[in-house]
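Okay, so chain A shows up in both of these, paired with chain B first and chain C after.
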Partner chain A sequence: MGAVTLSNVSKSFGAVKVIRDVSIEIAEGEFCVLIGPSGSGKSTLLRIIAGLEEATQGNVFIAENDVTDLPAKERDIAMVFQSYALYPQMSVRENMNFALRLARRPKAEIEAKVQEVAVMLGLEELLDRLPKELSGGQRQRVAMGRAIVRNPSVFLFDEPLSNLDAKLRSQVRGEIRDLHQRWKTTSIYVTHDQVEAMTMGEKIVVLRDGRVEQVGSPLELYDFPESLFVAGFIGSPAINMIEARVGDQGRALSLAGTAHELPLPEGYDLQSGQEVVIGIRPEYIDVADAPDVGTLPATVHAVESTGSDTTVICHSDMGQILVASKARSALRDGDQVALRVREDKALIFDCATERRILPRV
Partner chain B sequence: MTETQPSAHSNGPAPRKRSTRSPALRRLGRGVMPWLYLMPALIVFTWFKFYPMISGFLMSFYEVKFYDPSVWVGLDNYRAILHDSALLVATWHTIIYVIAETIGAAVLAFFLALALEGPARHVRIIRTAIFVPAITSVAIIAELWRILFNSASYGLVNSFIGLFGIPPQGFLTDPSQALWVLILMSIWKSAPYDMVIFLAGLVSINRELYDAADVDGASRLRKIWHVTLPGIVPAISVVVMLSFIRGFRVFTEVYATTGGGPAGSTSTIMTQIYKVGFEQLNYGYAAAVSFLLLLFTVLMTILHTVLKNRFFG
Partner chain C sequence: MKKSPTLKTLQVIVYGLILLIFVGPFWSVLVTAFSGTSLKPGQLTLIPQSFTLENFRIAFFDMKVWRYLLNSLIVVGFGTIAQVLVSALAAYALARKKFRGAAVVTLLILTTLMLPEEVIAIPLYLVTLKPLPIINEPIYNHYAAMILPVVGWAFSIFMLTEFMRAVPKELEEAARIDGANDWQVFGHVILPLIRPALGTVIIFGFIMIWDQYLLPLIVVQDHSLMTLPVALASLRVDPTITPNIIVAATLIAMAPSVIIYLLLQKHFNRGLMAGAVKG
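Up next is the complex of A and B:
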């Protein structure tokens, strides 16, 4: 068991800086997800923690030991790779016990451990097969088994579900969560899929261009994103962003490109004329029965339904607006609708800094 | 009716022009066309490869005479092979040559490939430089090696080993050394070629396997053993196969350096065939040996394909 601390870690490849002064604290037993778009440095950061990549600056601590200069094998970590990275010429059993064999552990102990983990993951029948004889899901489980067998202080996952189909992905997601509940081993999980991050992480670290954009619990990031980037990255369907200017002596928000106004939510102290972006999650916009004071006119462009959720995609003078609800919709393309925004749920961002403006309370 | 048709067409794919040829003619066209494309190559191959092969095969059943009709001797030429001690010696030399050259070149090529893989510019320059022997004419290489391994005390290699107090060696003129100098030359020439095949094999190895091995605690040697070598088995099989085929047919390298000498110490199957065929003018016998060599090469190729399909198919 071990907490993981990154202290001012930076990494450059030649002149290109991929990690810029990152400091993160991951508590013992915590499940932490590193998320960000391609090129945000999340995989590089995981490789630095693993010892597969050297940090240009800064320190990495595992269980309060400075492991910055230690090779991967001495860091007491185990890693599950995107491609699973199973040795193709070795059977499932040999793949799982390879690290223990290299560590020259007693044969009986190796056999017992492999057997125990194989039973836990339902791999007993597959122990003598080669990786090429397994399905994608089975390979994924072997890769996890190989990591678990070593009983490490920290598990590292590098986009382990990206090669699985949607159904299997949600199943394995549940399995990883259950395993973590059971073992309570510190886990660091890299993904670009925000659904994975939201459903698995106890703590999510959002990375952008090699910097930490925000750290928080899934719902903190969803409800109180600190920047436009996090607001846009977390949440599906995506948050609505409407440009506006503070008017009416700081009491209303004039929506850009229209004559419409929204009342400024309570508690904000904004200068008249200040340029802002209003962020509203799609579930906080309703389709009103009829145009009214405070509603915004829009035209239905498309209606997407997954059965349980419905998203109405509208076009308006403010741009595209998404409306999400649990109820089925009878709207059709081209229908004129009036949208009612729940201003109390609106998030307000400074247009220039892209940071969220906090209310006074 | 006629007015609506164009609009229907404009929505769908463009209308196909109907062929005026009958189905039988179309089928014939489809059968003949590929052969027409292959024709130039087939004519060249027939004239320079297939005809000589068949002609050689037929010749192996005759005592070939140049000014009289050849005499049918049945399997006599093949029977004679069994009692030809010079050919036996040449075959033995060839086997030693093939095994030593294959292993030597493959091992050297493997380590060269390990050292020179990667996209860095200086590595690319070195790779190109190392490849030069593979594309240099054997006659030139042979001349270079004759100069390098000149048996006189002022020969380049002899001068060098003289620095360590070793007396001048005969090399290509010493029957106990000539074959090994020849093998060394072939390794030097073949290794770069093998290296390129290994480099292609190395590129195909999943890099995450090396990371996994690092995390598992594997040393550099273990990584080569458990990740690199299994990853390039297909490349190894290609290198070994090509080297075997090349080795059993070795001729130019020997002919241009020692001509099979001294005292037959570097004679190989091919130089023996040349000697019997073109010096002793026994075409029938030379053709019989050539045909057996061809048969052996084909069998080796089939065996390689079968093994490859069974284990890596």
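Up next is the complex of A and C:
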């Protein structure tokens, strides 16, 4: 078992800086998710931890040992690759016991270990098959088995579910979570899928352009994003962002491009005339029965229903506004509606810095 | 659409002619080698007459073809093994390792493909006369003089390099994380995955070394070290030996190439196709 610490890690490929001064602490036994859009450097960061890439600057610590200059095989880590990277010429058994064979462990121990993990992952029947004879989900499981057999200090996952279909993905997600509950091994999981991040991570690190944008628990990131980027990246359907200007001597927000105003939530000290962006999650906007003071007019553009959730996509003077609810909607495309915003749930961001403006405590 | 009978006849005639052109020489070699009727120098026959294996017996034992065959097998055996080993290691370095001057090394290897054998024949001869480093002995008139020059072959290096590049890098990374060092990655992961290419390279290397004529001719003087192609050429100018025996000896010389091809044919075909269509 081991905590993982990155201290001022930077990485450049030639003149291109892909990781910029990243410092993260992952506690022993924690499940940490690295998330970010393509090119944010999340996979590179994982590869630096694995020892597959060298950091240009900074240090990597695993279990309090500086492993920055150690090769991958001496870091006591196991990794599950996006493509699974199973050795095609080896059977499932050989794939799983490869590391133990290299370590020259006793045959009986190897066999017992493989058998134990195979039973745990439901792979006993497949041990003599080749990877090409397995389905995607089975291959994924073998890749995990190969990692578990080694009983490493740290598990690294590089988008391990992205090649699976939606149903299988959700199932394997649960399995990985259960395995972590059982083993409590420090795990670092890279994904661009925020559902995976939210449902699996105890700690989420949001990366953007090689920098850490925010670190927090899933709900912290959802409820209190520190920047517009995090607010927009976390949450589906996406947060509504409405540009506004502080008016009425700092008591109201005039919505850009309209004559409408929203009362400024309590606790904020804002300058009159200051340009801000209001972030409001779709579930904090309701469709009012009738236009009223404080409601915003909009036109229904589309209604998306998954059965359990309904998202109404509206067009208004402020741009597109999403309204989410658990209830089914009778609205149809083209309907005129009045939207009521729960301004106490609004997040306010500075337009220039894109950082969240915090209310007085 | 149905073909007209005239077109069909024409087709059969054309195919027949092509077949005759290709199969004709083989046929005449076979018939001559097994024919009991002695022919004059420069003659071959197409019509089978009395069947005999006597020509093979004379070629093999009386003309000492067995000795030349053995020499050829020693050269081709050690040569092919060393060639494949060196090519695979060189290819691994070129395909997977980043090192300063990799482009220059590639270019130098490529250059060796552009030089005709005749151009390097004399310098090579001179090199074999000089004591080599480490062993401090010249290798002239020794098996090593026929083996060492063919060990590094650009064709097989490039062929294996391309195949190794196609092996997903993640497999190598997975092996490194599993605790493998360079040799283990090479032996456990890369080599088993390029088996088709290895088969192809073995066949090509075998045939290339087997067919060597100029090199063994100039670096070996001792008759007892001569390889089959060189020996066959010297038999041919002997007026006492009938074409039947020479042709029988030639058939013996062809046999190993055919056998190795048949043995590795599966690999060979896969290797050729994989080289043609990447993916």
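In the analysis below, the second predicted complex is superposed on the first by the 361 of 361 C-alpha atoms of A that agree within 3 Å, B and C clash if a C-alpha of one lies under 4 Å from a C-alpha of the other, contacts with A are read in each partner's own complex, and residues count from 1 in each chain.
Just so we're on the same page, contacts are C-beta pairs under 8 Å (C-beta built on N, C-alpha and C of every residue); 3 or more make two chains touch, one makes a residue touch a chain.
Because the structure is a prediction, the values reported are computed rather than measured.
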Item to check | When chain B and chain C are modelled together on chain A, clash or fit | outcome: clash
Checklist entry - Regarding the shared-chain residue A:N8, is it in contact with chain B (first), chain C (second), both, or neither? => result neither
Checklist entry - Which of the two partners, first being chain B and second being chain C, lies in contact with A:P71: first, second, both, or neither? => result both
Item to check | Touching partner for A:Q171 - first (chain B), second (chain C), both, neither | outcome: neither
Item to check | Touched partner set for A:S135, first chain B, second chain C, both or neither | outcome: neither
Item to check | Common interface residues of chain A - those touching chain B in one complex and chain C in the other | outcome: 50-52, 71-73, 77-79, 81, 83, 85-89, 98-99, 102-103
Item to check | chain B contact footprint on chain A (complex, rising order) | outcome: 47, 50-52, 71-73, 77-79, 81-83, 85-90, 98-99, 102-103
Checklist outcome for this item: In the complex, chain B touches chain A at residues 206, 208-209, 211-212, 214-218, 222, 226-227, 230-231
Checklist outcome for this item: Per the touch rule, the chain C residues reaching chain A in their complex are 168, 170-171, 173-181, 184, 188-189, 192-193
Next on the checklist: Going by the contact rule set out above, which residues of chain A touch chain C in the complex?
Outcome noted: 50-52, 71-73, 77-79, 81, 83, 85-89, 98-99, 102-103, 146, 150
